[in-house]
Amino acid sequence: MAKKRFDIRSVDRRIIFTLIFVAVAWPLIQPMRLPIDVSPPVQTLYDAIEEIPPGSIVMLGGDYSPDTMPELQPMVETFIRHAFENDLRVVVACLWPASPPLVERALTPLAEEYGKEYGTDFVNLGYMAGGIVTLLGMGASIPNTFPTDYGFGAADIPSRPVGEIPLMQEVENFDDIAFVMEVSAGTPGTREWIQQIQGRYRVNIGSGTTAVGAPNFYPYVSSGQLTGLLGGLKGAAEYETLVGFPGDATKGMDAQSIVHALVVVFILLGNVVYLISLRRNRGAEE
Amino acid sequence: MTFIWTTIGALLTLSIYSFLYKDNPFYKFAEHLVVGVSAGYYLVIYYFNFIHPNVFSPVFLLRLGDEPISFFGFHWWMALIPGVLGILLYTRFFPKVAWVGRYALAVYVGGYAGLGISPVMQARVIEQLRANALSVAGVEDPFATMTNVGLGVVIFAVVAYLLIVKRNLGARNWLGKVAVIVVSAVVGYAGYLVLTLISNAGVVSLTNILLVVGLLGTLTYFFFSMKHTGALGGLARVGIVFLMVGFGASFGYTVMSRISLLIGRVSFLLHDWLHLID
Amino acid sequence: MTMKLTAHLTLAVLFLAAPCAFAQDAAPDTTALPLDTVPPGSVSGLTAVDYVDNSDEGDRIEISWQASPDDGAGEGDVVSYQLWRSENAGADWDSLGVAGAGQTRYLDETATPGTEYHYGVAAYDGTSYSERVSAGPVVGRANLFQMTRLAVLVLMLVFFGMVLTFTKLAERGADLFVRRIPGLNAIEEAVGRATEMGRPVLYVPGIGEIDNIMTIASLTILSHVAKITARYETPLIVPTARAVVMSAAEEVVKEAYAEEGKPDSYNPDNIRYLSDAQFAFAGAVNGIMLREKPAANLYLGAFWAESLLLAETGFEAGAIQVAGTAMVSQLPFFVTACDFTLMGEELYAASAYLSREPKLLGGLKGSDWMKVLSIALMALGVILYYVNQESGFVAWFFTQ
Amino acid sequence: MRREIPLAITFLIGIFMLVDFFVPHHAVSTSAEEMKQWGTIVIAASILLGVGNLIRVHFHKIRRRREGWGYSIVTLAIMAVMFAFGGPWGTVEEGSAFNWMFLNMQVPLQSTMFSLLAFFIASAAYRAFRLRSAEASLLLIAAIIVMLGRVPLGQYLTRSWPQAIQLPTLTEAIMAYPNMAAFRGILMGAALGVMAMGLRIILGIERSYLGGEK
């Protein structure tokens, strides 16, 4: 045999480790904007919001908690951005106690960026206990169901009665709401909104859910009860792409795509090496 | 202050990652540190969360405010029972009475064994059977005929591949390998057509057959008291095929969540610590 | 007509004034709406039954009904259902609560056990109530048997019966065949190789608590492994993540060494409690693998995400690895990274196989017959479903 | 007697817990709840056994100056510090030193250790997914399809194909059928194993986990 030469079979694991690390870190530093194909439910959601005339009021239902933030927060951010871009006014209402501060985290910087004013351009009504009962109450009267707002922490605006908030003077029930975006991690959430509100008040509802929960809601999209659906980080990334502001979801999906492809390449490479060595061994025997 | 703590966290993070290069003093330090921290942590937390409220308080402080639930009504001495059971575990240091502790353990394990049996029967046998039967009966089939067809292509290709490789047709040279691929593709395409016909006719979906055959095969693989020969052996082999596809698929499925963990740590390093990215 | 309407309106005002959160917050302001003079259609099929929960005190009654024809269909104007309860056969109705439109079930959690109740339900469209439909009498009791779990009980008894029968048969000397379990032979080979190389054996009994049956199965196999290492005087390192498992492992290993007549070779420092924290434990075991260089790593028991951390490091350290777990989510990783893997039930079967005790082998035979029975049940369910979807078995099998 | 009485107690408690599943009466369920709570207390009380073992092993290492004994000092020292901050005279509330050490040492160390899996899952795939046999090939093919089908890249690569054989569709189909069937099989088999073993424990046939029988 020839002299000792580089043998790819014993490729150092450290090379694999380095490549993985780079593949994760690089897209975070430098978003690569790999092609993302927008799936129909996401396109539907985007189109529905695009069609709303400027100045209309949209509602954001935030029903999630910190453990599902990685998946759902990018959706909330992108929806608010999308609304502000199109000069829509946003009312936030939550059925989960943990949500209002999480939504607030997205609202604060975006309101600053777009120069939106609390109370006239957007309002955070905070959390109200009761689930379905609260939803039914909102169907009758939103200000009666949420008598005070959550306030706007970053601007030191304390909680106050909705009667004192200019935006809320224009909101009585779902006739005044052009679109509801429900970001939901469980119950009460998307299903309750569809059953209690969509069927009764004929308001368009779009939803964002975790990747695990999404398959349960695809039937509602095909039946038209849901106007669009974002499923997990992938759905969020597609939405970011459409709105034109690649954020955390896009970066994350970039990294995921690259690493997944890299692992597949490793596997293929490993097999090429394996097949070659098989052949060589067989040659040696003959 | 926050920066100091973040830096400590970041340095510890890097120490763990240095393990990927090779074992080194930094990793050893981090490893021994986390063992010590967690030992101290659990020692304290177990006391405050379990022993103090449930044993110490009721027995010594007679704080009856947060009384534990009890059929007999609450009596302070009842809190002694778990306390004594806990202490019995320590009899092992005294050889003469060590057997007492051993049986205290047996009682504990026996209780939990009893507790586990019925839910396992319910959730892992009956519910699984029912779910499988429901899918097969077509009551709950989340994926419509569309996936049928796609899956059909894969199955037929795999079947073709297995058939050919098993019979050693053309496994020797490149020409033979190409032939294998071509034949698989043709069989796969034929399968695609057949399945389209079947699902258009609405007879029974292939996915249902897959669920039945898969479960049957896998269960057969776990037959211990019969020799795996003949038809039984064939079914067991089918079971292995399903197990392998299942393992491969869930391996691939898990990659994403593991990468997410790494993304989390990398953004801790780059964002929270170094402020390199926003 | 007007009389009736006035009566309804009076009722409505009465109930709006009732201290009920929903009524106060959410009932529509009746004066603002144009008067809807047509009352909604009434509900049908009203039933009230004693509700059996997992801690039954007899204070719950479940009321269910079929929706009013105007709920979601017809006029589609039903906003809620009003519920009443009566203790004297419908003479005095007390308001019980409100259920939203679209709902057909209400759980009364305020019943006094042993009291006879009647229940009434009417649909409400914001202006007027439908005819009240009533059902009863019903009595709440603390029940002694959960009927919905009858199937579980029956199958469990059948299974136990089979296990015990085969155990008896085995004790009487019937020859029970048990197929070879490849992973088990691998364990002995791995220990043998460690002995040849003069390096220790690492046995990780998982991170499950002692109440996890996988941990018990693992301790049974540990006793077998400890006997082999005692015979060859190969060091056996057992890192654990739970204190009770650690002390049980100590007993098992000490006893195995004593049985092999080598009590002095037992080294208590090799049975170690590392950490209750999952990844602190995994990190420390990785350290053991790289520094004490065991030649055989055995992972048997309940594992979670740490499985691959251990198996990959063990591979890098060049050890022979045999794994065994019934943790479905971790099997793919053990199968790819270890030399042999005991999958699912094989872990439990292994302990019976190793002991060769007829009593334990009987259990295996019972399990096998239970599998046959399960498959038959599933087939029966499907066939009956196709034959007659209304049959009793189908109803039981598919709707529970 | 030493043997019969404890075995009888084990049997009675085991059966009582077994029966609890079928009897909804609150008297049974609340006492079963109470007993479960006793169980957690017994486990919590055992932590001292574990920590005792940890101290003994590291103390021996230090005394005999075995390799790496310096690190044993780290373990024991940090444990003592944790105990001092959180022990009977300390506090574990949010904002306490105990809590700070937990949040800034144990949490990042644990999650970093967890994230090592991202690297190991890649190296395991490279090493183990080889076309060695027909079965191994299946493992490999299924893994590749699912890996690509989970990310936008996979969707992009096959977007011009018919919907039915696009990677995301195939991924969902594989997860929902072959994967589901196989895992149901494993679950059911394992469940029978658990029940048989549980029965043997309750009946006192299986005792090897206790070590000796004496």
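Labels A, B, C and D are assigned to the chains in the order they are written; within every chain, residues are numbered from 1.
Just so it is clear, a contact is a pair of C-beta atoms (placed from the backbone, for glycine too) under 8 Å apart; a residue touches a chain by one contact, two chains touch by 3 or more.
It should be emphasised that the depicted structure is a prediction, and the values quoted were computed from it without experimental measurement.
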| item | value |
| --- | --- |
| Most distant chain from subunit D, judged by the mean position of its C-alpha atoms | A |
| Chain pair showing more contacts of the two, B-C and A-D | B-C |
| Centre distance in Å when subunit B and subunit C are each reduced to the mean of their C-alpha atoms | 14 |
| CA centroid of subunit A to CA centroid of subunit D, Å | 31 |
| Subunit A and subunit B, separation of their C-alpha mean positions in angstrom | 27 |
| Distance between chain centroids, defined by C-alpha means - subunit B, subunit D (Å) | 9 |
| Subunit D, residues touching no fewer than two other chains | 21-22, 27, 30, 33, 39, 42-43, 46-51, 54, 68, 106, 109-111, 113-114, 116-119, 121, 123, 125, 127, 129, 139-140, 143-144, 147, 150-151, 172, 183, 186-190, 192, 194-195, 197-199, 201, 209-212 |
| Residue numbers of subunit C (touch at least two other chains) | 149, 152-153, 156, 159, 210-211, 213, 216, 244, 247-248, 250-251, 274, 276-277, 279-280, 283, 291, 331, 333, 335-336, 343-345, 349, 364, 367, 371, 374 |
| Per-residue multi-chain contacts in subunit A, two or more chains | 13, 17, 20-21, 24, 215, 256, 259-260, 263 |
| Overall pattern in which the protein chains touch one another (line/ring/star/complete/other) | complete |
| Complex contact set, residues of subunit C against subunit B | 149, 151-153, 155-156, 159, 176-179, 181, 210-211, 213, 216, 244, 247-248, 250-251, 274-277, 279-280, 283-284, 286-287, 290-291, 329, 331-333, 335-336, 343-346, 349, 361, 364-365, 367-368, 371, 374-375, 377-378, 381-382, 385-386, 397-398, 400 |
| Contacting residues of subunit A [partner subunit B, same complex] | 14, 17, 20-21, 24-25, 28-29, 70, 215, 252, 255-256, 259-260, 263 |
| Subunit C contact footprint on subunit B (complex, rising order) | 16, 19, 23, 27-28, 30-31, 34-35, 37-39, 41-42, 89, 92, 102, 105, 108-109, 112-113, 116-118, 121-122, 125-126, 129-130, 132-134, 136-137, 139, 212, 215-216, 219, 222-228, 243, 246-248, 250-251, 254 |
| List of subunit A residues in touch with subunit C within their complex | 13, 130, 132-133, 136-137, 140-141, 144-145, 195-196, 199-200 |
| Sites on subunit C touched by subunit A in the complex | 21-22, 25-29, 72, 79-80, 100-103, 316 |
